[in-house]
């Protein structure tokens, strides 16, 4: 086995100028957005990536069928405009593996003619956020105004921030190859899977890519999550009152 | 030293269509079954596998002789029907090593004409199980009915389960090579070596492979273990009563 | 990606007989000195080093632009006398990576004609130090008298000390290549970034290299740090008195 | 840098039929014996081994001179009878490194005509031992009687013991190359550096190798250690009495 194995399900007509990465991370924000887009667009799975830098395991599906842990490449084309997606259930096991995988992702991007990568993720702030911003970073200066025009914020800049893992390396290593990189990070607590933050991120991404999809299912998940949080908060307040009356 | 070294003790007539893997894991269920089969059938040791992905140590036997840590391949043939076994005392040290070793196991399987792998293991549930089921997973859809007919359960499917280590990768990487993979996992607490769960797993495996052996020694170990557990429970209850009378 | 990638920003006239290493370490003493020298001299950035042995991340600057984690080589030349600097934000992730990177640093040093390396660091003593010494080690015996003449102390010798990471390996592996190595370690508590210790180290280094720079900004930072420490100590003493009066 | 670098200080006349390994381990028993033999015989240092599998550091000696962490090969010849020693301050950082280094040690052994390896170590029992035995293991059955005749015990055999690290692998991997391996392990608490256990081990090793040296310095260290232990025990008993009288 090579350290990374890439298998394409078809060969022809699979290039695209844009790659959207939504691997798992803080609040699963990036993954929620990418998975939602793939589902709404009905994007086609065109490739898969397995690697000894992923955990050594298989996933058992609802039918009892095993699937080797991997990342997947999807593609969507409409009116001559095409886009690629990089999604999956895992990032690398090890620091070195992150570099090996990111270089390989960029090899694939170059082969398929990608000129720009959108790396999607969450920006953990350690508390619930009423109106999550979409914090941003770019790997080339000229990209900033475009992101700001689309509603991306750069208020995080200057706080000596780091972007760790696939999203960070796609920008950092992509720059060396001349591939534009835009990282969009939905503000999120970091404690929960956060469809509300994902919904906001999707709005900005849609403006940037001119890819429009229905938000309903994402917003529904966001509402469900809001209700779960509200119930937890209520229960905690109730317990707080009880304790007070007991003391009193 | 190569990362994995395979040494065959003989060359001729060592192929077989079936490989049964029983490396150590949860409750040592898979190892108990495979070791029992090898012992009862009088299977012949035909190869050994050492690797720098195993722990860096030797085992000292009853004679004071050292043996490099390794995995072993056994083979049994009767009435023109042959079967291979993969057993040993260790799995890999590291995530990467699991992939390297599993690929090598599959190289050996392909060389020896193996068409199907049975990967045996335990399924930890965190409590003592009165009637352990044999939970199952397969790497190709058409295998499922056969496993169910033999008494394997798929009730675990749909719980987003993972199968970690050699068993999982033999199925996941085996699928890529067109080798059928069936994983049988005896339900077990995960706290003890579990010959009772192994006994149940052996019954299902025998139906699938048409390999019949005497279960007596396995059942005897299961009874011994039941008695040990009963004594521990008794002792705990006695202590419970004492504490109660003391309080009272 | 190679394990280490070295990129020079220009090719011509970049050699120098001396390399000063100031990577992060105890009290950031070495980093403070090297960064101060680069700033005061107005040294020129001539190269950068990225590696999969660094953390897998990018740094976001004040403009929101990402930069792949790397180490950097600076060079200064004045009156025909030139010096190189090796600085950056990280050392290796792993023990093996330290060796791989140090060998590569020495490859660069050899290519650029370096005859002597100054490795700068801190020497942690676990308590605040009023008058921090500059403890020293050399990789060739004949270097010792020169270091002592410049005010470097060898009082640490004989305590079975170790020098870990880039500084240690530049001396140890440099010796094999015939490159002189002098390690200067500012005594420091190990609890704080320590510009005072750095100031003392710079004095010794200036005598050794005949590179003179203004110390003002470093001394200002040292004074600021002294005041912060004094305030913390005052606050602690005040709390101590309060507790006493409460008890009384 | 290669993963392992071996440097010989001279080329000619450096072979020997026997290699004695005394790297650090439990109670430093093996290291004490090998270092004592080298010192008493006045053995000559003929080679050194550095590796990225050792810790990334240098040792600072009493003169303030740095030395790259390494292992060393010594050789002694008298009356046409020669012996090699493998000693040093470290074993590998990682499980994989143990294998890589042990294979390299055996490459050296083969090149120098070694037919037998003595691997020296400690056997930790978790309590102070009045009369430490020399527990043994061999990698070929025919070696056992010779070891027993010299006073080595095999009472540890049959307890499913493991020998971990360089000593274990020299036997395990040496067997594959037809090199005889005898592991002698001085019984020791595992809590202290144990010259008494080393003294006993040296007696058995001397009978096996017909290498006789003065034991005085080793026995002196053993007596010193006994006195230290006695004082600690006295202090503990005194404290015990005090506590009793306090309670009374």
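Residue numbering begins at 1 within each chain, and the chains themselves are lettered A, B, C and D in the order written.
One rule holds in what follows: a contact is a pair of C-beta atoms (placed from the backbone, for glycine too) under 8 Å apart; a residue touches a chain by one contact, two chains touch by 3 or more.
Just so it is clear, the structure is predicted and the values come from calculations on it, not from any experiment.
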Where the contacts of chain A and chain D overlap, which chains show up? B, C
Shared interface numbering between chain C and chain A [over half = same, under half = different]: different
For the C-alpha superposition of chain A onto chain B, the rotation angle in degrees, rounded to the nearest 5, equals 90
Based only on mean CA positions, could you tell me how far chain A sits from chain B in angstrom? 38
Report the inter-centroid distance (CA atoms only) between chain B and chain D in whole Å. 38
Using CA atom averages as chain centres, what separation in Å is found between chain B and chain C? 54
Multi-chain contact residues (two or more partners), chain D: none
Draw the chains as points, connect those that touch, then say whether the picture is a line, ring, star, complete or other. ring
If I apply the definition of touch given earlier, which pairs of chains qualify? A-B, A-C, B-D, C-D
Given the complex with chain B, which residues does chain A contribute to the contact? 1, 52-53, 55-69, 93-94
Residue ranges of chain B in contact with chain A within the complex: 92, 95-96, 98-100, 102-103, 136-141, 144, 154, 156-165, 168-169, 171-173, 175-176, 181, 183
